[in-house]
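The structures come next, written out as structure tokens.
Next come two complexes, and both contain chain A; in the first it sits with chain B, in the second with chain C.
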Partner chain A sequence: MAPMIQAINLHHRYPNGFHALHGINVSIEAGEFVAIIGQNGSGKTTFVKHLNGLLRATEGVVNVNGTSVGKRPVSEMARIVGYCFQNPDHQIFCDTVYKEVAYGPVNLKLSPPEIEARVVEALEAVGLTDYKNSNPHDLSKGQRQRVAVAAVLSMHPSVLCIDEPTTGQDYKDGVDMLNLIDKLNQAGHTVLFITHDMPMVARFAKRLIVFREGNILLDGTTYEVFENVEVLKTTFLSPPQITHLAREYNQFYPRTVLSVKEMLDQTFELLKLKSLTGGIQ
Partner chain B sequence: MNVMDYTNRNSLIHRLHPLTKMGWAVVILILSMVFTDPLYLVGVLISVVLVGLVGKVIKETLVYLTAIFFIALIVFVLQIAFRPSGPVLFTVTPESWGAFGEWFPVTEGGLRYGISMGLRMLCLVSVFPVILTTTQPRDIVMALVEKLHVPYDYAFMFTTALRFMPVIMSEVTTISEAQRSRAYAVEGWNPIRKMQAFAPIAMPIVFIAIGKADRLGLCMELRGYGNKNRTYLRQLHMTVADWVAVILLVAAVAISLWISSLGYGKIVL
Partner chain C sequence: MTNIIQVQDLTFQYRRGTSPALKEINLCVAPGEFVGITGPAGAGKTTLLSCIDGIIPHYYGGDLKGTVEVAGLKVASSTFRDLALIVGTVFEDPDFQMVSISVDEEVAFGPENLGVPREEIEKRLTTALKKTRIESLRDRAISTLSGGQKQRVAISAILSMLPQVILLDDPTSELDPIGTVEVFTALRELNRDFGIAIVIVSQDMERLVENSDQIIVLYEGRILIHGAPRQVCSKRSVLASAGVRVPEVVEFTLSLHEALGKPLPVESIPLTVEEAVPLLGKILSENNAGGI
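Here is the complex of A and B:
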């Protein structure tokens, strides 16, 4: 089966001449949970905007669900690839949360009962059912971000692209947001999210794609990528502190550690081993 | 890239005092009012383009003039329609159309005035790209406030409005991308449908613009805006080149008034 997303030798050059992508080759299977990281201006957003046709390849191809994006209109691609922008205020324009979430399905010209069902379902998924008659501008930033996600979710896209879902939010809102995204991933959506938040990446993403200056620097499971501390340093990225701590004691922790729990697990394994072999040598 | 943005190049025109350049704009205004003969107006227009050439902003000036040319064309057509004089050259609808025949007569005077008014408008607006691309907005404000004693609030409002436009335009781009990602598309020709289709773009931009203006006001107050005695980091001075330019400009006005008093440079019917 064809991968859900496939970019072959993807180049992008902006009208002002800036060469933002230098031949990206990447393949993402259906159901993956991918974090895209890298410095500002490294090409993360430029890459993701190719998936629903907001930007067109200068050279190379992008295939989504086995067919080329080519020149298909964004409004058609929106059925397959949902794109949630960083700032929810760039898209909220209705006076109730319900109308806001219904806007996408209305554009897809679905039947009224179908629209209603999808809005109810999307609001349920983001936990805003009680707010369906509220004015979105009265909600908190975290809640507005959820409205934005619901507005994309109600269009039933196979792929969800979310640009910096935790930026500008407190820790609790950030974790809630990623728990929601995790849940959507488990429900079958292919998820790509752009972020600068390494602890969140370590905690949630299964795969990491690291961009640097329009190229893919590293691509692999979260464990594989965070092992390459020196390479990550070249683009000013660093794994979570717990990973660094475990690396300092790598004679005890041979496997990459991403969370406190993993470190504890390895510690217990180590202690068990020691007690079997008769204490510390 | 906006054609009316400041270009950071090094040229004689860039180094001139903003007031000299404003004076030049006034002189061009006078010259294009004094003359009505298309030949003389073409001369004035060429002089402006030459200044653009010396200022290394010839490309920006020409791009702008091409865009404005269509408005000049409208002026041209309006003059023909509303200022007929002299012999009728031809009519837009031929005589053979019966009841609709011989409508919209084009007169010789109308044609001449059309050409002259279109050119006059081009002359008047052609100075703007040259001045705005060779002068930093903050220098224009300083010249207005310090030398011409325009209240600082108004001068600031003027430059902020100029500065806000590109910011708002980039927000509009982001908003339209966000809405297109939700299958937003303007379809068909129905004007009411089209008006409604602007709500998803217009509403967020209004909210964002108000929010931005609010924060801007706050930041200005935090940095001491409204304090009585303003001082300036940069001082502008008139140079030798400025005085030479001023003398040339005064001479240009004097000579043109003299020529015109002798009866040259006018349309004669």
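Here is the complex of A and C:
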């Protein structure tokens, strides 16, 4: 079976001459949960925008679900690849949540009952059923981000690309957002999200792709990538605090540690205190 | 020494609000202090900054009780111009406050508007760029800068006004890790080397505990916890109930010590990975982990 997403020697040069992607080769299978990290300007967003045709390869090929994106219109690609902008306010333009979420299906010229069903389903998935008649601009930033996700979900895309889902949010809203994305991944969506939040990456992503200066620097499981502390440093990224702490005693913690819970579990085991782990969340 | 910021029994309700955005806030900031403010969305963090820089009540009206004084000036009865000579604010989105095309124009803009003489403006411009380490960006167009560079231009533009206090409203949330480090390093240096008081709103607890003299946690318009970083971290269950997370090394070290029945005294709570390393080493060796 063809991968869900495949880039072969993908280059992008912006009209101003900036060479943003230098021959990306990557393959992502259906159902994966991938975080894309890297400095601002490293090519993360440029790469993702090729998946639904918002940007076109200036060299190389992008295939989605086995078919080349080529010159297929964004409106067609949007049924397969949903893209949520970094700032939900760049995307939201209707005066009610309902209209915003219905906008895509209306443009697909679906039947009114089908549109209604998709909006109800999408709002339920993001937990905003009670807000369908609200003006999106009266909602909190975390809620507006959910509206943006619902507006993409109503198109029934196989792939969800979410650009910085936690930026500008407090910790709780950030975790809620990632839990929602996790749930959508478990429901079968292939998920790519761009972020600078390393603890969130460690907690949620299964695979990590690190961009630097238009190239892929590292690509592997979250554990594998966070082992490469020295390589990550070259692009000013750093694993979570707890990963650093465990590395200081790597004779005791031979496997990369990604969360406080893992670290506690392994420490209790070392200290033969297994029975105590039950009390720690 | 008198406080640079003094907030007494401050309660404020926006004109169209249904309940107060801030309730009975009391707080003092000494000259040269570094103060971190955190809390969930809607807790009143931005409103509190607005009450200090004078945006409230001079631009946003409402029902204000209590007093806010900055360098001895009562904010409510002082002019915005007088306040601007003492306190400057940096916002979340640097593009929101930039008014010029180039870096030098932006940094000179404030003093030009005050009618500061030309030679003096040049001097302030040079010093402000130097203090934020962006001398090399002087002639650059702002639109070509990275987020971390833009925020340092915004800080520089405030420095040229020779303020005693800089307020920052979540200045690193849109920055990548390197941009965040650049901004916090610049703030720490301004604070330590030039005695400028810093009041910063942020969700980045790792940076706040590392840099702040005191941390204020707001929740539903009230001060929930207020103290030195180690004191604040010691109340992690209260913080958790407000949706605020302590840094991972704090969470881990406190949980481990509790499980071992050896609660950690507040003054020993680690604030960084470096501080947590010897604590963990001690436990591993004392408990003969892996037979060492």
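Quick note on the criterion: the second predicted complex is superposed on the first by the 271 of 281 C-alpha atoms of A that agree within 3 Å, B and C clash if a C-alpha of one lies under 4 Å from a C-alpha of the other, contacts with A are read in each partner's own complex, and residues count from 1 in each chain.
As a working rule, contacts are C-beta pairs under 8 Å (C-beta built on N, C-alpha and C of every residue); 3 or more make two chains touch, one makes a residue touch a chain.
Note that this is a predicted model, so its numbers are computed, not measured.
J.: Check whether A:91 is in contact with chain B, with chain C, with both or with neither, and answer first, second, both or neither.
T.: It touches chain B, and chain C stays clear.
J.: If you stack the two complexes on chain A, which partner ends up touching A:111: first (chain B), second (chain C), both, or neither?
T.: neither
J.: Between chain B (first) and chain C (second), which, if any, makes contact with A:54: first, second, both or neither?
T.: So A:54 only meets chain B here.
J.: Tell me which partner A:271 touches in the superposition: chain B (first), chain C (second), both or neither.
T.: A:271 sits against chain C, while chain B stays out of touch.
J.: State whether A:73 touches chain B only (first), chain C only (second), both chains, or neither.
T.: first
J.: Could you look at A:252 and tell me whether it touches chain B, chain C, both or neither (first, second, both, neither)?
T.: In the superposition, A:252 touches chain C alone.
J.: Any idea which chain A residues touch chain C in the complex?
T.: By the definition above, chain A touches chain C via 38-41, 140-142, 167-173, 196, 198-199, 236-238, 240-242, 244-245, 248-249, 251-252, 260, 263-264, 267-268, 270-271, 273, 276, 279-280.
J.: In their complex, what parts of chain B are in touch with chain A?
T.: 1, 171, 174-175, 177-185, 199-200, 202-204, 207-208, 211
J.: Quick one: in the complex, what on chain C touches chain A?
T.: Residues 39-42, 92, 146-147, 170, 173-179, 181, 203, 206, 243-245, 247-249, 251-252, 255-256, 259-260, 273, 276-277, 280-281, 283-284, 287, 289-290.
J.: Which part of chain A faces chain B closely enough to touch in the complex?
T.: 16, 49, 52, 54, 73-76, 78-79, 82-85, 87, 89-93, 103-104, 107-108, 137, 151-152, 155
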